[in-house]
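In structure tokens below, several structures.
The same chain A turns up in both complexes below, where it pairs with chain B and then with chain C.
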Partner chain A sequence: MQPLALLLILFVAALQRGKEMDETVAEFFKRIILKIPMIEMMTILKTWGFLSENQLQTVNLRQRKESLVQDLVLLCEEKRASLNDAALLDIVYTQFHRHQKVWDVFRMSKEPGEDSDLFDMEQFKSSFKKILQRALKNVTVSFRDAEENAVWIRIAWGTQYRKPNQYKPTYVVYYSQTPYAFTSSSRLRSNIPLLGQALTVASKHHQIVKMDLRSRYLDSLKAIVFKQYNQTFETHNSTTPLQERSLGLDINMDSRIIHENRIEKERVQRVTEETFGHYPQPRLEFAQYKLETKFKSDLNGGILAEREEPLRCLIKFSSPNLLEALKSLAPAGIADAPLSPLLTCIPNKGMNYFKIRDK
Partner chain B sequence: MLKEDCASDLKVHLAKSLPLPSNVTRPRIDLIVFVVNLHSKYSLRNVEESLHHVDAAFFLGKVGFLATGAGRESHCSVHRNTVAKLAHTYRSPLLFCDLEVEGFRATMAQRLVRMLQICAGHVPGVSALNLLSLLRSSENPSLEDL
Partner chain C sequence: MSQEGSCKSEEMELANTLSTHGESKGGVLAHLERLEIHMNRSRKKLEEPQGAQALGSALGTKIQKLRRLRDKLRAEVKQRQAGVKASTANVEPDQTLDMSEQEVLERKRENLKAILQAYRFTGLSGKLTSRGVCVCINTAFEGNLLDSYFVDLVIQKPLRIHHHSIPVFIPLEEISAKYLQTNIQHFLFSLCEYLNAYSGRKYQADRLQSDFAAFLAGPLQRNALCNLLSFTYKVEPGGQSFPFCARLLYKDLTLTLPTDVTITYQGMEALSTSWEEQRASHANLFRTKPLHQVFTSFARKGETLDMSLVS
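Take a look at the complex of A and B:
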């Protein structure tokens, strides 16, 4: 009788301990872990670093995902995982899946002549958090350091009266040695000014401006903004004109093929290389041009030509890799070289949103 | 085309548009094939402008049109009928072939080499004009109404 009673007491005690984790936090863990693809599960959990090696070894990866999730949530409960631990896991997941978010770019500036104090990461973090907490009372702020003096910040927004919504967070990646921060586009637009203010004040800057640059590819945005894209890579086929590659023939070698426009082709190649370089282009998915210009036409007359007011239209170029596509236009014979500077200035100016008005 | 076994000496001149640069001497041209990419209006316009530079004598069987890209209809910005009308205006045959597909390409190359041999006069008993009237009689009669 006695051992059984003991067993019962221990069992009940175990149950009690498990229930110490808040239900909302447990649900939050469940939802994050469910998002993680099975192939990445171990890698992400190891990167997260909260569960120990021993605990991870007890996990059976071959079972159905729902059961796996239950096991993992139990492990987290056993180790008394907090909301902040869950937020860190969310950051790790987002770091692995950064392409799922669309990133905006912000640039901060200091007053001219202002001292550039030595940057203190801990002071930045505490200042940033305080500013948001003072303004909103209910907000969850979590930090994870990354390479190149960068920090990933996750913010779950609440209001004076409502708890933070953990399922619509905003992410900020701030490179502390630079005036640039990248933020995931959020639907909760009203919080952006506050976010900007917190970033500016905490990092001891004076002003923050949103750049006209947006993309899913955070690393490409980084390359454009830090001007790191013009490194030559050793790709063996980067200089072969596209159309010849696709026809699968070594056209240049056969003497029975005469290129009538060889000089022009070489000129186009040269101009393209001068504009775009030898290196792979940073990856953007679109460029948008908002035109507010008077209608100009070669034809005389026509209803549109008589309008005094500017014609408004929006032109959007989309591509899996816009800059590479632009680079291949002239060599493919689809456009004349050189291309319009409105297209080729994108990486140099760090913009893919343009507003064009009559001068 | 060069892979085809051909008793004659075959040379292919590739040009982006006409007229050809005039400072070069070249052998007699036996066949001109205008390649129109149905995915690009620019391609059609280029061909239309180049046609103005072709001597009238060529249109007696020594000109052909090759339309590519018909297979991916969602990418087409030039309608089949537009090219068909163009070919009809110039009384020349129109062939369709998706150049991106290896198999189709090989077959088309065979046909073009055959046409070329006839146009060059290397096939006894058949002239370019004969070939033209042969090809034309199999055309869809409704095109005449266009």
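Take a look at the complex of A and C:
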């Protein structure tokens, strides 16, 4: 009689435990779902793929967000969603809202003459996770495969004694069999060396270096670093000839308007086209130049000219689309063409942070 | 003179009422517009009394001129139509005699254009650009034309790549560092090798995933270069045959066949001799034949077995 009752109690207790999702996980789910705008709710949930079609159909999207969140958390509980499932939902949300983060670019390198890259994604993932778990006892690492052989990694950092903080994760986007990884800038700077080490070792590289390139626009960073921003090529097969850019000097314009410096305008257009090309420029928001040079002036004398030490100053160019703005400077008459190579080298060199010193 | 005088005074009036261009309503261009409108108005006012009659007679002459032009064009059209009818009535089977010089040249030009376009079937072609040459590498495998890649070269000392569409996991920097400055032929051929091999491996992996999915007991694991493939397969789709795990390594990136093939099986017990033989023969097959051909032979074997069962 007694062992049977004991068994029954244990069974009921197990059931209860199974139904209850960890409070922290439930809270985590709640916070993520609250972040999602209503218009995107269905798309994001479908992309996440954890809740079934039937379950999604039962969701009423017309109710107030708080009640919707409650319904969704309940559905997740029913399906025994784990912390990892929540982390995956967080990754999906971030993939849809990648512009909300600022991304840094890291470049790895191998020793020359190494064997060819036999990259195994599963090996990489397990190796990466192991390195982080060995160093910090408490860390949550989640992976989501993406297109073009890339993987999105989400890392929630903890310490030996503290559980991982799920609300300040770092994201890494690694393109396999390339030396490049993109990481979301995180306040927790102390973890960056460990992250670098994990990436390097897991991907069988030797060194990792942070590039002087940073932007919100992950896709533009990728285009710059993979040199994929100019994909028009001249071939014999193209049926449409390279369009002759209208020089803005419309032939149909009123004949009473005469362009005084037509030749100069055409030269400027030509130089701009040679520098920037026909294609849409990758999107960056700023370029920063740290100058540590001696002050140079045309005017003789002056206090600044006499200084021996270099003058330090910081120049920052900001724009919703910096490269397009630079492209339009000369045609708009604001700057001389050709522009300074310091400005035009940005996509070629893959830099938007510069330190300029006297040679 | 009096016209100009009155216009000038009007302008001055306007100039006085409006101050600097930055403060007037609408700026310089609007100001110029207003001046223009004023000028037109004042001119019209002076011309008006004589205007109506003069206008009438001017329009009249214009109408007559247009009518004459219309009649002339109509006559020309009729003439040409008659001419065309006459020539089509006398058509000879051998039309080359009728073609003018220009048409002959046009034909030659179209021909040459077609030849230049057809060059892509050789796998390596190019087009001169304003700064150099744009090389096009068309990859192929087993007679199937696959992806094309471009390298736009700037002919300068040193020779440099302006931009390209080579995937980032192909070791372009390595190949450029070795050959671009010293031996451009070698550079292009080496690049062709890598790209064709990559295309070929990718083609095999794609074929396996799409055409022979029934033979796979799980997803095909592949990487960007398609030089490490890992999958579990059965010789008969969904049959009772033994599932083998295959791992293909292509260490040489210029080849479309694997350098290492490992076939294993799940479970600890030793295989029967027949399965062992199969395992060895499969390993050999994967090493010597393209992936999709191996599976085609599996399918065919299955078919012959079926046939034997039926008969």
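Throughout what follows, the second predicted complex is superposed on the first by the 318 of 359 C-alpha atoms of A that agree within 3 Å, B and C clash if a C-alpha of one lies under 4 Å from a C-alpha of the other, contacts with A are read in each partner's own complex, and residues count from 1 in each chain.
Going forward, a contact is a pair of C-beta atoms (placed from the backbone, for glycine too) under 8 Å apart; a residue touches a chain by one contact, two chains touch by 3 or more.
Remember, predicted model here, so these are calculated numbers, not experimental data.
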Touching partner for A:F226 - first (chain B), second (chain C), both, neither: second
Contacts of A:E260 with chain B and chain C, given as first, second, both or neither: first
Chain B versus chain C as contact partner of A:Y167, first or second or both or neither: neither
Partner chain(s) touched by A:Y175 [first = chain B, second = chain C, both, neither]: second
A:I334 touches, of chain B and chain C: first, second, both or neither? first
Touched chain A residues, chain B compared with chain C: C
Residue ranges of chain A in contact with chain C within the complex: 115-122, 148-149, 175-178, 180, 226-228, 230-231, 233-237
Touch list for chain B against partner chain A, complex: 2, 10-17, 20-21, 24, 26, 40, 42-43, 99-100, 102
Touching residues (chain side chain C, partner chain A) in the complex: 113, 116-117, 119-120, 125, 127, 129, 134, 136, 150, 152, 163-165, 168-169, 221, 223-225, 227-228, 230, 249, 251-253
Residue numbers on chain A that touch chain B, as the complex places them: 246-248, 251, 254, 256-261, 263-265, 333-335
